[in-house]
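Input: structures, listed below.
Below, chain A partners chain B and then partners chain C, in two separate complexes.
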Partner chain A sequence: MNVVVTPAMLAQVIVSGILAGGLYAMVALGLGLIFGVMRVINIAHGPLLMLGAYTTYFLTTRAGINPFLTVPVAMAALFLVGVLLQRGLVFRVVDAPELSSLLLTFGISIALVNLAQLAFTSDLRAVEYITGAWVIGGLAVSKPRMIAFLFAAGVTAVSFVLLQRTRLGKAIRATSQSREVAMVCGVDVARIHMLTFGFASALAAAGGALLAVIVAIQPEMGGVWTFKSFLVIVLGGAGNYPGALLGGLLLGLVEQIASLFLTSQLSEVVAYVLLVLVLLVRPTGLLGGRQT
Partner chain B sequence: MIPKAPTALAVAIALAVGGVVPATAQGPIRIGASLSLTGTYAKLGKNQHEGYQLCEKELNAKGGLLGRKVQFVVYDDQSMPATAVRLYEKLITEDKVDAIMGPYSSPVTEAAVNVTEKYKKVMVAPLAATTSIFKKGRKYVFMVISPAEVYLEGLIDMAAKRGLKTIAVVNEDTLFSKAAASGAVELAKKKGLQVVYTEAYPKGSTDFSALLTKLKAANADVLAAATYFDDAVALTRQMKELNVNPKMYGVTVGGDLPEFYDTLKQNAEYVYGATQWEPTLPYPGNQEWYETYKKEFGHEPSYHSAAGYAGCIIYAEAAKRANNLDADRVREQLLKLEMRTIFGDYKVEADGFQVAHKMVTFQWQKEKKATVWPDDLAKAKPLFPTPPWTSR
Partner chain C sequence: MKRLLAPALLLVLAALAVYPTVGTGYGVRSVQQVFMWIALAGSWNLISGLTGYVSFGHVAFFGAGAYAGAILVASAGWPWPLAALAGGAAAVGLAVVIGYPCLRLKGPYFAIAMLGLNEVLRALVSYFEGLTGGGNGLSLPTLDASVPIYYVMGGLAVVVTGVSWLIVTSRFGLRLMTIREDELAAEAMGIDTFHHKLAALLLSAAGPGVAGALTARDQGYIEPISVFPLAITVTMIVMALFGGKGTVFGPVLGAIVLFVAQEIVWARYPYVHPLLFGAIIIAVVLLMPRGVLGLLQQRYRLPRTI
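On to the complex of A and B.
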């Protein structure tokens, strides 16, 4: 009801917002990469995240591996899944009208969720690893969320170095900017598409693996992440990779601050109103999207 | 040549099958129901089905109902209200069943009950907890489980008795949780607790930092949270992180699952929860029923199993007292009936709304759910107040 917001409370939710934003940025970067390179909106991004979370769950509970050490394993496993999906299905719709790719990835998404229900059942699962918070100058910093944030920041940083510095990264960016020119310059575009899809799936898997210690795992957990990632890349500028970073942090902060001053229910409204405003004022996103 | 013996056999078979020879008219009583055997609610619907099966078996072992065998006719509604509507229509008009039992869940019941009302058929609806189903002037539908509004009653009652003054109520913004929260606010006011903070959060919320930051500032003695599982777990974890320390903290759904403790481990200690039924409750025959069920189906029953079984037993009792299957006469008995089954008490108001069945409040104590409310069922004293996170 009527709670007076103090600066300390505001500082507390800003901390939480940044921690959440780091995860948003990393997961959305994957969705943004696929969109940039293939012009495909991957609705199955969230379900791939869910598979990453299950990978961590099983490795942690069955093999007793530290959940944070399973992050690279989940990434590698989902990289393969992504490559197979791209090679088997998604490549067919790369040049097709947008509706085809939406339908296809929507179908993949439904298939993955239902397969997960069959294989893992709908029972809720969770990884209990670390709880509590570090208290720094009156601010509580959640231990699991902080560690997840640091991992996400690390993975995102490595991804940026990969994209900016390596030959492969340059090829990915070139393909994203102009497929024809990249092809003329000797880039194997089909291979880039495949690797990008795999890499994006690995980013989703990293998100799932990190979420495993924070939230309950169930086959339908991914859906909301598809939407949040989509929101992030549109906010930041679709196809513009640093935009995902900005969009992710912005979404995390807006959600938390709106929850503080208004209500949790309205925080989603605020996030989507922000999206509409950005689309009205800067249709290409805050950092500008890729020109078609 | 026409052999004589087979004719006699044919008559015997016809008699055994029943219905062929109208003069005897003693075929089994066929009870029709649609259940969620596949789809979203499959797991729970199957448990309810097993409750029905056990009831059928037990009634028949005791010589049936009104001197006739009992036989369930069950179809799968795939957890879909529209399918259930079609199936109840079929059960009543094509199969011409003698009696009806309810499907699984509030949404499916809400749809199916329109059919049974149309044909004036009594429906004991054992797994419908939504109050509004029974507040629409319907005549033939009867409630068995407690409504959402009283899930937090135990927590609030205990808080008031211990002299606590302020309460915060938060809920997921969905039908059930909203009803549980509004019920909690009403009950709290009635018991003289001051409601200092309320907030609803959207389904799928995983980060409660802002909500808990405000909650901490409101400094309520009691936190009543109308939750499902995910949010109950996330809330509890973040309460620890943000060091939010109400003297009592209770959740609704989810808190009673074994997974709640598995996930939170010692952080689940002291958390209060509510449940419709537990195998350990001292209701007559409950323990034996639990053992029989486990032996029969090879797994533990849930409250859905117990409610399904009890609903069927309640219908049978009313039919027995009416000495008839006529809907109006059974209805009259169901309205008068006061009964304690393995599921607890049954008594309804004139609209079929359940008023006797009690939600049981438990507290997680040393890895176990200890029943702490109501007093006549309590097995343990609540550990009160909940110690602050920092001194655990």
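On to the complex of A and C.
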């Protein structure tokens, strides 16, 4: 395949890559928080994102609410779902071997997708809100993607302020560094686990709500997001929360740049090859291990 | 109890061997399906049940075997038994590619890598359209080999179960289970955990590869959707978990019970099938992590090596 890449094309894909990367970073931060705090990889992270997308879809099409205004609603709704899942099921496997938590969240994931199929059917749905693009200095910037990026950047920034500045955030980071020491310092670890799971589900929901205006909504849309979020965490270094930002941007950029050279079928493979390469070369992530 | 087990097993095997001469077409086909699920669930158990490294994408090995076998039959004119072995080899080759980077590390890397593998293979199949037929699928020359395939599939189920028994009763198996219980301790005892995990993965990939190639030959037509569905992975996981992961006959028990239940009861409610399987996974993990056989072993003091 001979593709001549002009600087303009490169600039274009870099912009698209950054826009996509913002969403990756936000969604992956949720998965990373659960992993950091509970040592659980939540396979149901993607399906929770899917539920967020449906929340936006129904609020927009049935109640006529502006899709971007539904983001906080979807986050609140999925926060509750997350808390319930953690309280009802996941808390039982936090101390169990990894096998148990992986299988349990896998079971939850299958059940959620099937419930969505039963409740919403497998039809592709779309929220038509803004289409088109702004042209800035010869670069086309997709309007829905740009707004979604700004929202994601805002939510991520607020999340970091929460993690860095508030007592709750400190408790979350402390639990993630050492549960025992956090407990000794008076942190209610069970409560932190519950809130973290809810918060992470809310981040996934925000991703879904924003994606609703960008891509087609269907029950199986989330699966690939569990995988990609995990990849972002590996890129940034597990347990390293700022690393998720870098990982997200990197994944977005790599995918977009690869799309210049590859057919659309192969572009799905890019993320996978990236994961295998990182695991081979630098399994502790680009920024290195755990620094919360 | 122990003395009765071997004769009883032989009797069952003998009955299954003569079954195609007396059974109906539907019956033979169903038993063959049970054989396949025994082989698949038993194979999943070798890596995930014994070492604790969960594979969320074992259907990838099934699909790789199906495509390798089908291509060799359709394009190179190989006889199907040989193509079935090649299907197993192709799956083992794929397992090396995945296992080498992912199993060197402890942690969930392997599980997630397997989760994404399916999509990758599906994309590759549609990319190499000339070889695989892409989304149009691949047709094999017609051939009625349903009875021989029944025997080969049965043989595969016996081999996978036999290999499981050999492993569980061997020092190799003990080392695998040590990795499952505490990988650091296993390393401290001098176990080369990476190569043990890799060996377990290769062994567990071979069975699905052969089963995939046999299924491709039996159905005479394959397409990406039919050989890479998530449902196959889910079903083998549910069967192995339900029967009892980490045991020899747990996956056998799970495959038989759940297949029969599926045919008799759930076939009427296909829409809630995944929900049911998800619920079974959740329930087994929380309520009986060692599965039905694990419970029986505890209650009736059965040997731990069944």
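By definition in this document, the second predicted complex is superposed on the first by the 269 of 292 C-alpha atoms of A that agree within 3 Å, B and C clash if a C-alpha of one lies under 4 Å from a C-alpha of the other, contacts with A are read in each partner's own complex, and residues count from 1 in each chain.
Operating definition for what follows: contacts are C-beta pairs under 8 Å (C-beta built on N, C-alpha and C of every residue); 3 or more make two chains touch, one makes a residue touch a chain.
The model shown is predicted, which means the values in this text are computed figures rather than measured ones.
With both complexes overlaid on chain A, does A:T175 touch chain B (first), chain C (second), both or neither?
Neither partner.
Touching A:S159, do we find chain B (first), chain C (second), both, or neither?
Neither: A:S159 stays clear of chain B and chain C.
Under the stated touch criterion, which partner chain does A:V224 make contact with: chain B (first), chain C (second), both, or neither?
both
Check whether A:N240 is in contact with chain B, with chain C, with both or with neither, and answer first, second, both or neither.
A:N240: touches no partner chain.
In the superposed arrangement, which partner chain does A:L280 touch: chain B (first), chain C (second), both, or neither?
The answer is second: A:L280 touches chain C but not chain B.
Touching A:Q265, do we find chain B (first), chain C (second), both, or neither?
Both partners, chain B and chain C.
May I ask you to decide whether A:A133 touches chain B, chain C, both, or neither, giving the answer as first, second, both or neither?
first
Between chain B and chain C, whom does A:T70 touch in the aligned arrangement: first, second, both, or neither?
neither
Looking at the overlay, what does A:T56 touch: chain B (first), chain C (second), both, or neither?
A:T56 sits against neither chain B nor chain C.
Can you pull the chain A residues that chain B and chain C both touch?
Residues common to the chain A contacts of chain C and of chain B are 224, 263, 265, 268, listed in rising order.
Along chain C, where are the residues that touch chain A in the complex?
So the residues of chain C touching chain A come out as 48, 52-54, 56, 98, 101-102, 104-105, 107-109, 111-113, 115-117, 119-120, 123-124, 126-127, 180, 230, 234, 237, 241, 271-275, 277-282, 285-286, 289.
Quick check: in the complex, which residue numbers of chain B touch chain A?
43, 173, 195-202, 204-211, 213-214, 217-218, 229-230, 233-234, 237-238, 240-243, 257, 259, 262-265, 267, 389
State the interface residues of chain A toward chain B in the complex, per the touch definition above.
Where chain A meets chain B, its residues are 1, 3-6, 9, 12-13, 15-17, 20, 122-126, 128, 131-133, 135, 140, 142-145, 211, 214-216, 218, 224, 255-257, 259-260, 263-265, 267-268.
Taking the complex as given, what residues does chain A use to touch chain C?
Within the complex, chain A touches chain C at residues 41, 43, 89, 92-93, 97-100, 102-104, 106-115, 117-118, 223-224, 226-227, 230, 234, 238, 263, 265-266, 268-269, 271-272, 275-276, 279-280, 283.
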